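Which chain is which? They are A, B, C and D, in the order written, and residues in each are numbered from 1.
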Amino acid sequence: MSRSGRIDILTRVEGHGKIELIRTGSRVTDARLHLHESPRLFEALLLGKRFDEVAEIACRICSICSTVHKVAALQAIEQALGVRVSPQTGLLRQLAVQGGQIESHALHIYCLALPDYLGVGGFPGLANVAPQKLKQGLKIKALGNLIQETIGGRAIHPFNLLVGGLGRTPGPEHLQRLADGLQEVREELPDLIEFTASLPETLPPLFPPEACAVSGGPALFGDHLATSTGETVPADAAASWLNEKVEAHSHAKFSRFDGQTVYLVGPLARLHLSIPAEYAQELAGAPVSSSLLARAIELQQAVEHSLMLITHLLAAGLQQEKPAAVVPTSGQGTALIEAPRGVLLHSYTFDQRGICTGADIITPTAINQAAIEGSLKALVAALDSTDYQQVKTACERLVRCFDPCISCAVH
Amino acid sequence: MKKLRLAITGLTACSGCQLTLLNCEAELPQLLEKFEFHYFPLACSPAVLKGRYDAALVEGCLSMPHERQLLLALRSQSQLLIAVGSCAVWGGVAALKNGTDRELLRRQVYGQSRTAVGTFSPQPLQSLVTVDAVINGCPPEKKELIGLMSGLLLGSLPVPNDQPVCSDCRMKENLCLLTERAQLCLGPLTLGGCEARCPSQGVPCEGCRGPVPEANLGEALELFLQKEYGRAIVIERLRRFYPEWKS
Amino acid sequence: MAVDFIAERDLQRCLNLLRRQGEVHAPLRDTDGMVRFGPLPTGVLPDLTAVRTLLPPKKYLLHPRETILFYQAGSGYQLPSGDVPRLILFGLHPCDLAGINYLDQVFLGNEPDPLYAARRAALTLIGTSCAPDQFCSCHLRPSPLTASCDLFLQQIGGGFVVSCGSSRGVELLETVTELIQERELTPPADTRSFFGQQLPPPPRSELDPALPDWQNLAEQCLGCGACSICCPTCCCFDVLESGGLDGSSAERWRRWDNCLFKSHAQVAGGASFQKDRTQRFRYRYRHKYRGFGQLKRLPSCVGCGRCRAVCPAGLDLRPLAERLEGCAP
Amino acid sequence: MNTNLPAAATITSVRRLTADTSLFTLACNDRDAALELSSFQPGQFLELSLPGFGEIPISYCGLPSACGAIELCIRHVGHVTSPLRRAGPGDAVGLRGPFGHGFPLDGYENQDLLLIAGGLGMAPLRSLLLALLDQRSRWGNLTLLYGARETGALLFLDELLDLTKRSDIRIQLAVDRREQCLEGPPNCRVALLPALLDGLAIQPEHTCAALCGPPVVYAYLVAGLKQLGLSGNRIHLSLERRMKCGIGRCGHCAVGSFLCCSDGPVFSLTQLQGIEGALA
């Protein structure tokens, strides 16, 4: 005889989700993740929209990752319409995406995850128990926002990123200001990494499934998926490889892959596929819960990478460029980018007039659903407990390790 | 002074308005001194809606039945209910195809599956409850959110603005994209307060803050058509954040 | 007649000498092709051929949005403090000078507005002559407002005829004596001659609401506000106050307002004394062509043409003014 | 006085007059400012600042007082006036004034005076009434006609009832409707305010009328007064407009080519003749 336990809303994650705990007798025997976010039906909303409207609308899928949605959408559109952007635009977009990575990771580490380790309910609690950490987190987060704002015009839903280029190119003084901020933050990151590595383990060791990440381009960018199983999937085949299916208990589609293997995307997966030498030890065979450490390491990488991009841009000398001209034409384009939470795919088809006739958007949290549920089940089994509250707390923490972005998943 | 007890949540939306609050990094410490973020699922655990709230800040529109329940609960438990962001105020991006049958849209995404069957055409909060004040924008301006918060401390609500984006834009002495560049800029029809963010960077206003009072749609449409924008394109653009524009 | 003359090639040196007296601001054509008043970088020449800048010089006297009071519990309301830098506005056309003259009458009459007065005192005005275009109406309708300034540079072939309008102007002229040549010539009249004229008083009769023109204007107007914002003599402002996050401080600020907006005459409960835009157009017209309040019977339009140049709907009050005011517009 | 800077003042007492209207007594913290602010003519107004909320025009409601106390009668309706409902003794406010032109007291010398107030219009007219009674011998007959929505909304009813005991003033009240439970005051009719003019015995060539009320009744009152034979320059009305600065700069309060703040708020009917929207 089984019955389901109380379903609580998930907190300190983006969007609306629940965990359903199934009990057999008094023992919790199974868990299920419900992403019951209200769908906005973006893929349907985009149909019939002209090419220059698609990215503006699509970035509204999610606020935390709006910059990367915008850039992914633009790249897919440009590919479909055969638009080439200047190298400067490419670099600036990369920088904006790195800014998003910094903001999102700082938000997760300091505001959403750290409270779990310090025994408080959220950032207001942190202000009491670890005010310096909160201050540091907010500073890094603000810097990530400033990068996005400098390039995108706004930290959320960046309007300055357009098909073919940018509205206004930031001046060297703006980039220099970013570089100064990045330099300052850079100094503090080794301590942060050490700190996250030193945090006590609170979950039983659960090991992630196979890893999948975008590859073949500069950091976070690329043209194909690479996996820990050695597969290489080109962008235009990625959607069918990810194999999204509708499931009754989730408003987000599930990636079913080949029906056998489950893949993880996101910081741990990315690092797993290219482990930086200095962290090889910490990360080799790391459990799901080391995602906090993974994010701290990625934060450092994002800061380093941003500094490098700025150096390049400043050395080349910034030009005020007009966006590349667009001649509407029919075509299809698919872009892959690493969003903070993992693989993001935007794919569009346009007709002769440049009107969107097909849209497919696959987001990291949707891809991760299978991995999250698998881990939840493993956790419940590992705990083998009748203490409902204990299981519930552990499950919530586990879900947070994946930093799900449910608005993205259900879009 | 006793801290003001807040409920902050989102309905059908992207969390951008709530994130805008979290993006007020400089002001957050001060906010923590004055407000208790009692119900704020995005950032605080646990999230149990309980007791009376001085104010509820609600992001997003209504598109599923359970959201109606939540909104009614927020309304009945809160002294003030504030609609934050264009989705909550106008319907926003999610509502841009409100003219189309929702079931058709649902099937375009989910096929024949019974997933998300309850979804209905997105509606602004005012369609169900009384809203005491609104903050516009997709996303809203930080400045306006902070203004709302400091107003709450005093016991006042924001005075509604009725100047269009063009006014902000002209005050900044920008080049006018509509008259000088014949671009499809929605500045004259759109509620200002964003300091003309987009036109100031040479990007036409996309109307993210919703319509200004007395927006002269007919005449604006005429003007856009003269500048050789097809009717359909103009109408599509107009409806991006506010589905109620009549063509 | 003997005049003081500065050769065009000496303009740069002249500006450099003036710079010693304060930062020089002048019309500059930007990369976007628009002309704005702004700080003149050393080595750059102002655009003296441009007919008008986007915003008039009123932006130096009344900022689009500015804090007028600070409040702190315990110490009460306080005026903003701080130095007002000395500025030299170079290249003001007669209409803009007349615009400043109008603002002076509004903000310095009776009890001077402290912010305005301080900024005004720090301004030196240097005018130049110009050639009206199709939007201008300064030369079609004389104005009782004066185009007075400290120095005026009349553009004639190869240079400028310089004249002083104030003791400050005389002082300034002394600082550039090395560039002054004495010439024997009679400069032709320029648009200054249309200002400072006695006008027959405007008709005392009220504006006729039945004229179809009001309706036409109201229907075409987009309500964008550009006309008032860009007008050198529109100076309606709104005043707002907001509290600080500390719960004990506040700030009061004013910003430019517009008589064509719905809220302009709205009072508590939403009632309005200028309910529809036709009525508000009469208000605008009255202010521009007949004047009101303390400046009753002083028309405020200086003919700079900005409202016509910036109106997306291309609205123009001139034909109406021509009919209603009886004389050439 | 600096035109932008409000003088600091303190609320010394608050009296709730009706459900939505309160009488505030204020004292200036500074002697000079007190002197300036309390030398006014009935019908003039001041600008009242509530820190953090803003500034609003309010008519003087009492008499110029030697000790500098200022009475204001305020209806709680909006952004600034609603929070004033919570204000109490000791609270800090700011004051600028006096502004505008009041009722022409010198012109009223030896005249019979007819005061007509509707609703909140009683606030400035109380000031006028008190001034007239203060120098009672300067004027002829005094009549006050005062109407409100209902008995409970009549402002200063206690004071007015006291005055009815005097023989040198005539007071007639009117309410649109009378609440069931309340017994109305003796001299109160259920009628619209303009109806009180019907058959009123006055000598039009010796009478001046001072009006203050909601815009909607002005047209009816004016028609009634004309019927009684009063000429336009004997009728004075106090107008209300949106105001921001109070000193003729912000441009919001225009009435034709007048500005309500500096040319008014009290105008003679002759001045307003032919001005669109003046009497709404």
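Convention: contacts are C-beta pairs under 8 Å (C-beta built on N, C-alpha and C of every residue); 3 or more make two chains touch, one makes a residue touch a chain.
Since the model is a prediction, treat every value here as computed from it, not as a measurement.
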By the touch rule set out at the top, what is the minimum number of steps from chain A to chain D? 2
If we define chain centres by averaging CA atoms, which chain lands farthest from chain C? Would you check? A
Pair sharing more residue contacts (C-beta pairs) when A-B is set against B-D: A-B
Centre-to-centre distance between chain B and chain A (centres being mean Cα positions), rounded to whole Å: 24
When centres are defined as mean Cα positions, the distance from chain B to chain D in whole Å is 42
Distance-wise, how many Å sit between the C-alpha centres of chain C and chain D, to the nearest whole number? 39
Between chain B and chain C, what's the gap in Å when you average each chain's C-alpha atoms? 37
Which chain B residues touch at least two other chains? 154, 156, 159
Please set out, as single numbers or ranges, the residues of chain C touching at least two other chains. 240, 242-243
All chain pairs that touch each other: A-B, B-C, B-D, C-D
Residues of chain A touching chain B in their complex? 8-16, 36, 38-41, 43-45, 47-50, 53, 56-57, 60-64, 66, 107, 111-112, 115, 121-124, 127, 134-135, 138-139, 141-142, 145, 153-157, 159-160, 162, 167-168, 246-248, 250-251, 396, 407
Per the contact definition, I'd like the list of chain C residues that touch chain B in the complex. 32-34, 36, 54-55, 59, 64-65, 219-226, 229-230, 240, 242-247, 255-256, 258, 261-263, 277, 310, 312-313
Which residues of chain C touch chain D once you look at their complex with the stated criterion? 68-69, 71, 73, 76-79, 106-107, 110-115, 205-207, 209, 235-243, 250, 252, 254, 257, 259, 264-269, 271, 273-274, 279, 282-283, 286-287, 290-294, 296-297
Interface with chain B, chain D side, in the complex: residues 52-53, 79, 83, 86
Can you list the chain B residues touching chain A in their complex? 10-20, 22-23, 25-26, 28-29, 32, 36-37, 40-47, 63-64, 66-67, 92-94, 96-97, 104-106, 108-111, 113-116, 119, 122, 138-139, 197-198, 201-203, 206, 208, 233, 236-237, 240
